[in-house]
Amino acid sequence: MLHTIKKIGVLTSGGDSPGMNAAIRSVVRTCAFHDIKCYGIYRGYEGMIDGDFIEMDARSVKGIINKGGTILKSARSKGFRTKEGRQTAYNQLRKAGIDAFVVIGGDGSFTGAMVFNQEFNFPVMGIPGTIDNDIYGTTHTLGYDTALNTVVEVIDKIRDTASSHNRLFFIEVMGRDVGHIALNVGVGAGAEEILIPEEDLGLDRLVESLRRSKASGKSSSIVVVAEGDKIGKSVFELKDYVDENMTEYEVRVSVLGHMQRGGAPSCFDRVLASRMGVKAVESLITGKSNYMVGIKNDVMDLTPFDQAVKGKSKINMELLRVSDIMSI
Amino acid sequence: MLHTIKKIGVLTSGGDSPGMNAAIRSVVRTCAFHDIKCYGIYRGYEGMIDGDFIEMDARSVKGIINKGGTILKSARSKGFRTKEGRQTAYNQLRKAGIDAFVVIGGDGSFTGAMVFNQEFNFPVMGIPGTIDNDIYGTTHTLGYDTALNTVVEVIDKIRDTASSHNRLFFIEVMGRDVGHIALNVGVGAGAEEILIPEEDLGLDRLVESLRRSKASGKSSSIVVVAEGDKIGKSVFELKDYVDENMTEYEVRVSVLGHMQRGGAPSCFDRVLASRMGVKAVESLITGKSNYMVGIKNDVMDLTPFDQAVKGKSKINMELLRVSDIMSI
Amino acid sequence: MLHTIKKIGVLTSGGDSPGMNAAIRSVVRTCAFHDIKCYGIYRGYEGMIDGDFIEMDARSVKGIINKGGTILKSARSKGFRTKEGRQTAYNQLRKAGIDAFVVIGGDGSFTGAMVFNQEFNFPVMGIPGTIDNDIYGTTHTLGYDTALNTVVEVIDKIRDTASSHNRLFFIEVMGRDVGHIALNVGVGAGAEEILIPEEDLGLDRLVESLRRSKASGKSSSIVVVAEGDKIGKSVFELKDYVDENMTEYEVRVSVLGHMQRGGAPSCFDRVLASRMGVKAVESLITGKSNYMVGIKNDVMDLTPFDQAVKGKSKINMELLRVSDIMSI
Amino acid sequence: MLHTIKKIGVLTSGGDSPGMNAAIRSVVRTCAFHDIKCYGIYRGYEGMIDGDFIEMDARSVKGIINKGGTILKSARSKGFRTKEGRQTAYNQLRKAGIDAFVVIGGDGSFTGAMVFNQEFNFPVMGIPGTIDNDIYGTTHTLGYDTALNTVVEVIDKIRDTASSHNRLFFIEVMGRDVGHIALNVGVGAGAEEILIPEEDLGLDRLVESLRRSKASGKSSSIVVVAEGDKIGKSVFELKDYVDENMTEYEVRVSVLGHMQRGGAPSCFDRVLASRMGVKAVESLITGKSNYMVGIKNDVMDLTPFDQAVKGKSKINMELLRVSDIMSI
């Protein structure tokens, strides 16, 4: 017989991303729709351990669908990595009568949820929230589409300066170990080269390519570098190498940094967040647990946490070829 | 034996949409990559009839990937609907040595290309460029994603006023006969109701729903209305009906209009345009003709023009349910 | 001897405008800085009559500096136009111990404050919040600069379509009886003609000017029309007139509407709001009353309410000449 | 007797800024309006030396009013710092029949123009184009208002993350030796502290202030640091100092970099550029030379180059006090 869910907790964990608030809103309202009580858990697993909960109803999440960040705050929790910490968290949830939770975050957050589920047989469901799109089991994580737009808009601005001064810019973008952001914004912003962890171009070929680009009549160049790229130790070392080996360009560096995580979510991310929240809550209601909600071919899908955590999110190699053709 | 393509023409036709320039750029550069000459055809089929062509190389399309509109201009052509017009167009293409063309536009443009292909056995390929997403054979048309973002940003602004004054706003958005834009921006902007051609809510149920919404504690409301919706004769008549039948709200109307077609394309649309241009040109090179390039499950795909034109682009009914839950 | 101010109320009244929240924040924090209690008054004078007050401290206004609209809501109050209504409002203020208030709004709101001050000798101070910039005694009202940017961005988008299709667009913008917005966005968006209430161009000269513009090689045209302009009865009638008298253009109309009032305030408006809030509260503290805070030559300034209300905000006629030269 | 101006050159020099294209457009169209020929000079003084000129008419500057960067390109010229270089430049101008020029740039560019004028008695006029607002004789330089908006929007995004994680962010903004940008975006973005060259806060007082801020209930903090600030050797050293002396916050650094120079100009900058271009050309026509066009109290004004170059642009100290009050 199914245990009936009466109170669901919702938390955001790990780095924040645009769309997290829209997902919180969706979880809260789907609970309200099904007459389930909903509690917000502050500061991720840290707040779970502290029992830092707040009851939320449909009106509590008014006006947040378009806000970046997370109203529930986020944090990384050392405590939750210990058995004692998780036991305390469990006790807090029990005390509050919460009998399932939805965690919005990345693979670290899902690993925590999975362990917690194994230890206490507690129903959990995950929603992938990270701009890096580095999670297996979903073609899009929450915030990824927004980050792509944020970054191309910034590169558009930098190109104004680059093309006014015939400069070469190395622009470092986020993405952790994968090149999703770099590859897409590279194509989208018309970069001459894109350096991603999945492909080792090599410094010599980079210089060669930039030279060819200059020879073909281009007066300025943008090179997008994924933060996880291994070609140089850092984007500043890249600059130094090119400075030493090329005289054709004046070289500049821009590390975009944290602005990439903020801002109002795109329409796509708002809709995705709304859909994922519904799917997460209704999956818990029907007795499912230990899954991450994902989107595949525009359909909501569930992936077991262990696969989501171990699997690898692959970049679209077609885009590398498109980029090569476009930068002729 | 395959006829070898040596000169490809490219034109934009019908209403403009963000991403058309990025697609032109992609067609031109893919031609350059394969050592094929490329000609821009101005003002759609009208310019084809007039022989208004310009040779384009990789540098001709510099700095346009992020520009709205179309540098090749667009127009609707009466002449091309006549046999004489198309014959003249064919003569012009022959005279210029153009042996295939890529048309970027909507279903009307594809119908024209299909007829032209049948009459002259002339290789043609289509790229779907319209914000309405009303074309069969592709989950996304060029400009659709950008328009969604443009519209939610505008509704966010209107909501500032709506919620400051406890008002009800009817906001009419584009989309021709289909509700794609309305449905997605409705969910994305947190609208209380979404009126689309695919679903007839009825005026009574609309008023009832708005009353329930007010009773549940909402102080302001946004109703998104697709331009193709049949519920009222116009959004202004909707306002009048609600004014007469509800006293709970002060009602306002906003018709968003042409701004929805403009603006810098989103990253998604720029990447999609780049991929579609490559696919269109390389399909022509390999001897294919009379197809529209589309994207399905994130993979480039070809759909015969007659299917693209006759088929129907369907909305995602799951979103209607999500919208109902979200507006609790 | 000066009566010492211990509790200040703050309200927003009339149409909302970007920067109102930043001004509320400034009033609240300046009160906190001077150890004065601050109360938010909801829904303008309507909430004053209802005693709908909330105590606010420095943290109550966290995170609102960049939000459009007004967290205190706004409304137009019929009650406050009656002696009884104002008496009730006075009683409510007394009951709550509020001994001065700052009203953020337009000339109607200031008239109300002035009358109230005369009747009850109650200290009041005004901050001009309206996008129309139609208030005497300040070169800029709160929200005006933001609205200018909102509108030029929208016209930029419409121009993408206009220039892709060789169209003529009539774009109606806000501004009540004055042409500030129309004149500035007209110059800023590169409009071919600007129709404002302060200058009667006449329909014949408009058509003549558009013809000259076409003849000079322009393929598309934007005409910005102030909502207060008297040239035609409406922008739609303008379109009809041009349709009948010119064949050179395809004509379209866009009425921008309420989106012009919303959105995150510009940096200028945020800074202006912050300065005005400080000035308003510190003026009350030093015993001043019945003034509107304004900015003149980048210096904070006070204008008596009766002058602010009766005076006329004049447009910069130099801009008309600049516009004529630019549209050559 | 006045020498009649028949051909005017226009160039952009030094770092680019939003509004430069709008100023070029204005110079070109004002020339057309007065039947004066106009030549664009590419790459600043470098292109003047090379004779890299292009004739421009009213249509040459179509569609650039809203574009960042400069279509005429910019460069710093070593050659123009030598007598020989300037002599060559003079010969080139003479050869092309150019008898006056307008230079759009910063103080370095004006110094060059002044020296050139002294040596060759050649009519020159300057338009201040820089985001730094560090020029005497104008309350606003071209691009400054745009940069303020660009930066507050970015800080808004970073604050999403900062407040979701209870972090302290040091954000370095441009501005060369002056604190205009830092001071205004600091107030506009609601920063807790603003570090500018004009005021030495001292590291101890910074830490003290941040501690007070935390104690007052703030969970996150933004400190805006002008690039010219002297408090630490760099923003990264600031971070290290705070890391060592405070345990209350997790500290992050963001250096905004070149994006601050790009983007579509604000309405204010477009209007200002249009006015300045008219003033510059018409001043040359009436025989004036060796002045910079500026805006003071919303009126066009001329300042002799030597004063513009030697004078100091002062920040508004009132804003420092406003910032202190706002960050309570």
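Chains: A, B, C and D, in written order; residue numbering restarts at 1 for each.
Note that a residue touches a chain if its C-beta (ideal position, glycine included) is under 8 Å from a C-beta of that chain, and two chains touch if they have at least 3 such contacts.
As the structure is a prediction and not an experimental result, all values here were calculated from the model.
A.B. asks: How many Å are there between the centre of chain A and the centre of chain D, using C-alpha atoms for each centre?
C.D. replies: 36
A.B. asks: So, what's the distance in Å between the C-alpha centres of chain D and chain C?
C.D. replies: Result: the chain centres lie 28 Å from each other.
A.B. asks: When the C-alpha atoms of chain B and chain D are each averaged to a single point, how far apart are the two points in Å?
C.D. replies: Result: the chain centres lie 39 Å from each other.
A.B. asks: Hey, what residues on chain D touch two or more of the other chains?
C.D. replies: 156, 159, 163
A.B. asks: Could you draw the chains as nodes, link the ones that touch, and say if you get a line, ring, star, complete or other?
C.D. replies: ring
A.B. asks: Which pairs of chains touch each other?
C.D. replies: Chain-chain contacts present: A-B, A-D, B-C, C-D.
A.B. asks: Given the complex with chain B, which residues does chain C contribute to the contact?
C.D. replies: The contact residues of chain C facing chain B are 12, 15-16, 18, 20, 67-70, 73-75, 150, 154, 156-161, 163-166, 169, 219, 252-259, 261-263.
A.B. asks: Which residues, counting only chain B, touch chain A once they are in their complex?
C.D. replies: 25-26, 29-30, 32-33, 58-59, 62-63, 65-66, 139, 145, 148-149, 151-153, 156, 159, 163, 184-185, 187-190, 216-218, 264, 266-268, 270-271, 274-275, 278, 297-298, 300, 316, 318-319, 321-322, 325-326, 328
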